[in-house]
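Before anything else, here is the set of structures, which you'll find just below.
Same chain, two partners: chain A is paired with chain B first, then with chain C.
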Partner chain A sequence: MSEVIATNQTILVVGGGISGLTAALEAAECGKQVILLEKSPTVGGRVAQLYKYFPKLCFPTCGLEIQYRRLKANKNIRLLTLAEVTQVTGSEGDYDVTVALSPRYVTENCTACGDCEKAVAAEFDDEHNYGLKQRKGAYLPSMMAYPQRYVIDPRIIGTADAEAAKGACKAGAVDLDMQAQSLNLKVGAIIWATGWTPYDAAKIQPYGYDRFANVITNVEFERMLDPFGPTGGKIVRPSDGQAPSNIAFIQCAGSRDRNHLLHCSRICCMATLKQTNYVRENLGDAAKSTVYYIDIRAIDRIDDFHRKVKADANVSFTKSKVANIAENKANGNLVLHGVDTEGYNRYANEHDLVVLAVGMESTVPAGVFPEGFKINEHNFIELDPANGAIYGAGCSSDALDVNRAAQNATASALRAIQVINRVAGQEG
Partner chain B sequence: MTQMNQAMIEKYRSSFLKEVETNVEEGHWVKMCMQCGVCSGSCPLGPHWEHPPQEIFMMIRANKRDEVLKSSSMWFCTSCYNCIARCPRGLPITHIMHGLASYSKKLGLAPKSQPTESFGQIFWNSIASNGRVNELKIGLALQFKDGFGQGVKNAMAQKDLGMAMMKTKRMNPMEFFGGHTCKDKSGIARMLKKAQEVEDQHIANYGAGK
Partner chain C sequence: MADMKIGAYICKGCGIAERLDTKSLVSVATRDGKAAIGREHDFLCNADGVAMIQQDIDGEGVNRVVIVGCSRRAKTEAFSFEGVTLSRANLREGVIWVRPDTDEARETTQEMAEDYVRMACAEAKFLKVPESSGEQGLLRRIMVVGGGVSGMTAALEAAKAGYEVVLVEKAGQLGGVAAQMYKRVPAKNGRQGPVDPEVEKMVHAIESLPSIKVHLNTTVAKTSGAPGRFKVELATESGSSSEAEVGAIVQATGFVPYDINKLPELGGGKSPDVVDQLGFEMLAKAANGGPIKRPSDGKEVGNVVFVQCAGQRSEAPGHLPYCSGHCCTTSIKQAMYVKAAGGDATVLFDDLRTPGATGEDFYRAGQEAGVTFSKGQVSSVEVAGGEVKVSFKDLILNEEAVDNADMVVLATGMVPMSGPDPYLMLDLESARGQNDTARVADLEAQLEGGFPSVLNLDYRQGTDVPHLKHGFTDSHFICFPYESRRTGVYTAGPVRRPMDMAQAMEDATGAALKAIQACENAALGRAAHPRSGDLSFPKFRMEGCTQCKRCTVECPFGAINEDEKRYPLFNEARCRRCGTCMGACPVRVISFENYSVETVGQQLKAVDMPDEFSEKPRLLVLACENDAYPALDMAGMTHQEYSAYVRVIPVRCLGSVNTIWITDALNSGYDGVMLMGCQKGDNYQCHFVKGSEMAHYRMSKIDDTLSQLNLEKERVQTFEVSITDIERIPKIINDMAELIGQIGMSPFKF
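Right after this comes the complex of A and B.
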């Protein structure tokens, strides 16, 4: 690997999702030197796992492609994938960052032809599809992967599969001797944009995500719609592969709850409204959607979207947080129990598929940042003078949708740029 | 107690919520309810409540004083704590229900011959006079609470259970004559008298319109 050059006039961006990409690009296009780190083998983050985003219902491939083009065209950004920050010390204008680099076992010579994938037999859960599908031990993380380079799963290293992958590669790009490395970077400002992870639905015990096949999460539902996803773009019940006819969406599954995430995750209302649209598009009048909610938080321009969904005769709304779910063992249907707030009527409604609108859990790590670093009770990075020139961006700073995450990331880039200008001014 | 009721009505004329916040145990939590309904849906006795907890909270805010305090609903709470465990806002719902029940009793508004309320009173009478619970007398008092005829019927229906309990020494018929007490019965009596004085003072303060 060629040397990574960093000085205290360099901005480090951690996380290559939509926020990190945006922050890195904005800073780099202003002429600053940027190092962009991504933990996984590809940039794109959660956005790459969406089928469409609201409210315009366009495909994320479009928005990401623009960012990728800007990234390719910019000489000021150095992108490192499979890179994880383990320690940050120092202060504004003078940070020491320790980065752990995991081996990809595939060099820049890779042409993404896919011969290694065909040669390998071992299969693993596909992270891109939340484990709903298997992928090979040599793989391209997704169709939209950037860089377009294969990865060899470390679990096949030392097996015959690894040798088979190496043997199949005509470009000589497989290097099985690649080692993990540690990097020390000196940077002036840090933008932290490691984003979010879907809240673990199995922790919401009364909803039985870990017990009932037909209780799924909204992120899994999203993957179903992808033509290259686990179900080839069809909405199906996991238990029998049949198309559902009566789908329940449960809001605030793990959000706004002292027992789970205290904060409102903000995106789940719109995500569900959007997904009722998928149901209408895919199954037409053959399927009904019911949204169980405490209150629908669709503000400003997305309120129009909410109104449109409300006008759909196939979508109904029940103002109630579902208390618990039981399975009808005969047919795998789910019986939702609760009391609604408009009349206090007790219900036991049977649905054939339940989608939990799980919330966003911040992935800001503990034990990485300098002493006294301010992280709030929801595990988001505070905008606080105590944090020096380390700025949270996107979902590391709050629960945000794509649009607001990009705005937030641009703001963090502006903050980092000012720090670098100050450092440059002092150094003359 | 109706005098106290009258005093409370005058004091909190326009805001039952405020009355609950000040006088009911854990009552200050009521305004935190966001009406999600998980408590009502999670209550194992839920279908038997006239007004489930979520509705009670809304009724308090809507100034439905009589409907809440005269309701039998909160007397149905069995302290299973399902609602507290699940409440997303962390409301101590079980405690609020008990607080409302005891407040309504204090005001003389609790529904008459509600079994939980009757049992509570019988239990209290027993423990307050002896410093110990006399289970035999409590059992009998409960069976005969709706009159002698009904009492005999109840007792006959339960006779096998009673005999079995005596056989296994879970119930002592001699308890009928006095029964066992605690070591310092008069000490308990003094303590309860003092507590009653504090409580009377508390009520007198409200009566004075403070």
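Right after this comes the complex of A and C.
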């Protein structure tokens, strides 16, 4: 790896999802030097795993393609993947950052030809598909992965598979001796954009995600729609591979809940409305969707999408927080129990697939930031003078949708630039 | 650039040498492609291969590099050379990965590869290294229009980054709607309840900064120029005027509350005790923490009902079809004023929308303060005696209910203070010119009640920023909230999209960044998103121009003006380099250094055309580089097979496709032409807004050309595709190949 040059006029962006990409690109296109760190082998983050965006029902990879082209064209950005920040010390204009780099075992000579993948036998859960599918021990994280370079899973290092991968690579790009490294960076400002993780549905005990095959999460449902995903683009029940005909979407699964995430995750209402649209597109009149909700938060001008879904005769809405789910052992169906608060009627409704609209859990880490750094009770980084020039962006700052995350990341880029320009002014 | 010298480099890696005769590709490059140097390499993208090319550039004077190997989207870091042009012949994703490895297929696969080498060399001959025009200097000054919280934030944030600001406000003081507020919903830590809006603090900060020049009682009379060199004329109420030069513009003109007089069924206009949120806010401000007194008789209010979604989220005529986003938290805040003063407050809602962590926390603070929240549908608000009677259906108890309140607050929506939609204005002008009275009446009705121009842009395409929906000037892209259809002009706050104060401040900060970026880009001659950094810009040959104005009309960004003689004036800092003007030009006088009628036209002509009896048809695909081309790459990565008769040329946008390419293709014997672009129409996905739509329109007129040539109209087809059509695009190609098989070969083979 060539030397990474950083000074106190460099902006460090942590996280290569849509927010980090946006912040890095916007700052770099103002002429600033940026180092972009991504923990996984590819940038793109959560949006790369979405089938479509609400409310436009357009494809996230379309925007990623543009962002990647901007990234490829911009010499002000240095991208490091498999890179995780372990410590930040210092203050505004003068931070010392320790970065742990994990080995990819594949060098820049990789042409992404795929020969190593064919040579390797071992398979693992595919992260891109939330483990619903297997991938090889030598893999390209997704078709849109950038850098477009293979990765050798550390779990095959030392096995015959690793040697097979090395042997298959005609470009000489497999380096099994690659070691973990530590890197120290001096930077002037930091944009923290490590995003979110879907709330662990197994923790919502009454919904039986860990016990019932046909209870899935909204992010898993999203993967089903990808023609190259685990089900080849078909909506099916995990238990028997059959198309469902009566799907329940449960809102606020883990959000707005004292036992789980206190906050509202903002995106789940629109995500569900969007997913009812997938049901309509894929299964037509053969499937009904029921949305169990507290409030439908289809905020601002995209409320028209909500109204359009409400007008769909195949979609119905029940104002209720579902109390618990039982499985009908005979057919794998799920019986939802609760009270419809509009009129206070008890129900026991049987559905053949349940999609939990799980919330966003912030991934801001503990123990990394300088003393006195403020992270709020929901684990978000708010704008606070106590935080110096470390700015939360995207879903590290609040639960945001893609549009607001990109907007917020753009604002964060300016905050970082203000610091850099001040430093540059002092140094002349 | 000195004499042209093409170096063609053929990569043998990734299975190319196993599948293709690379020696023969070298001779195609040197013989047909006229490459001065042709070399093979085992792995062109490794350090050794790249060094070999660099050596030829430095030592042999190669200034046009042709890489024959993988897709232009792959190995971009390796193939990046300074001061030379770069062409890529895609033999990996575009040939060997989409063709079967069989003896039978070998010949046609090799022909496909050889054509791509010819095409890349042909392109190389007509490419130039773009240089910026130098039309703009570095002007680190931005104009902010609107002195409310959004505008003040944009001004302060830009100033903090070291930029000068011209802040224009039409009223006599700064502060806008927020200055009338008693308190605001907090931007963080929602549990703390309402907080001080701190508007005075912002005003004071602005006044103390010499880099911000405030113009009160002022409007923008005229804006001309381009990013990096906007000239604005400011007019004051008193009639005086002044001029300013700015590099970029932020429009933060905010909103006005929806007129409650339009809601008589909810008591709007029926009593002074039925007010909108801003009206109630002013009463709270006057009370300053004491009991709020109602307007009719000064009685201290003991019971206030807040009616959410008043006249909004409704398709009824005259209502607002959207949700204004802030009204739920605003009502909670105001209900908390009432509770704090010892009264009762009820919020009647449909969906309570307090998203995110701060929003939900604020809702919780309202609940803890004892505000009553009821899901209810209000049927009427009547004023009788000293009370306001709110009749509603309680949706939780499923029964009709009545609440007698001292006051009712209607949570009406935000009406954006955008200027008139420029396209409607142009349509109106044209309808009047054609005496189309029905259309005139329709357009006048659509424009009625709108606001006067904000920017008075001296643009061929109208005075203001185009609207997206309902008068909001929002971006149409999820990924790019600051996508602007008037380069260097960014809108922020409630004029862009309904939003609360915290979001408006965040939005204004982002818009300030984009304005700063526009100044920096303009100075360097660099394009803005999505072709960020592109230095090329449209040049035109004046002698050939017929002043037909198609380029000035069709530019999706209003970049092109007309001079007195109706010649186009390009304003390259406004240009986004999509090439729609080039596609529009009937006399083909518009070109870019690195993209022109020739760079594409010569490629398609460079293809070796088998004769009519060879049974080897040729299909031309012009594929949008943003979505269709990546999809084709991924078809290769997943080894979807498609016809060996197809030749793909990426284009910047389907809008840049000049019909001469189609005519040339048909005249040179192609049997079919396929155009692949992004979704058009209301839900457009075209990154250049109108490009795909223009292409479809132009192609609808190609039938005449086809009939003149006596060719079937099925031979030219336009498709809307997306980046995920990885399986569909190969199928479309194969269907077209089959169709050509049915209708037969073109007679135009030579």
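Just so it is clear, the second predicted complex is superposed on the first by the 428 of 428 C-alpha atoms of A that agree within 3 Å, B and C clash if a C-alpha of one lies under 4 Å from a C-alpha of the other, contacts with A are read in each partner's own complex, and residues count from 1 in each chain.
In the analysis below, a contact is a pair of C-beta atoms (placed from the backbone, for glycine too) under 8 Å apart; a residue touches a chain by one contact, two chains touch by 3 or more.
Just so you know, these numbers come straight off a predicted model, no measurement behind them.
In the overlay built on the shared chain, the residue A:Y344 is in contact with chain B and with chain C. By the document's definition of touching, of the two partners only chain C reaches A:H378; chain B does not. Contacts of A:E327 after superposition on the shared chain: neither chain B nor chain C is touched.
Contacts of A:P206 after superposition: chain B is touched, whereas chain C is not reached.
Contacts of A:L414 after superposition on the shared chain: chain C is touched, whereas chain B is not.
Residue contacts after overlaying the shared chain place A:K56 against chain C, while chain B stays out of touching range.
In the overlay built on the shared chain, the residue A:R256 is in contact with chain B and with chain C. Applying the stated contact rule after C-alpha superposition, one finds that A:D175 touches neither chain B nor chain C. Chain A has more of its residues touched by C than by the other of chain B and chain C. In the three-chain superposition model, chain A touches both chain B and chain C at residues 256, 341, 344. Within the complex formed with chain C, the chain A residues making contact are 18, 22, 25-26, 29-31, 47, 53, 56-67, 69-70, 72-74, 108-109, 111-113, 143-144, 148, 170-172, 227-228, 256, 262-264, 266, 295-301, 303-304, 307, 319, 341-344, 376, 378, 380, 382-384, 398-400, 402-404, 406-408, 410-411, 413-415, 417-418, 421, 425.
If you check the complex, the residues on chain C that touch chain A are 13-15, 43, 45-47, 70, 73-78, 92, 157, 160-162, 187-189, 313, 315, 321-325, 351-361, 375, 395-398, 469-470, 472, 474, 476-482, 497-499, 503, 506-507, 509-510, 512-514, 516-517, 520-521, 529-530, 532-533, 626-627, 630, 634, 637-638, 678-679, 683, 685, 687, 722-724, 726-727. Against chain B, in their complex, chain A makes its touches with residues 206, 252, 256-260, 294, 320-324, 337-341, 344, 346.
Interface residues of chain B facing chain A in the complex, by the touch rule stated above, are 34-38, 40-42, 46-47, 51-52, 54-55, 85-90.
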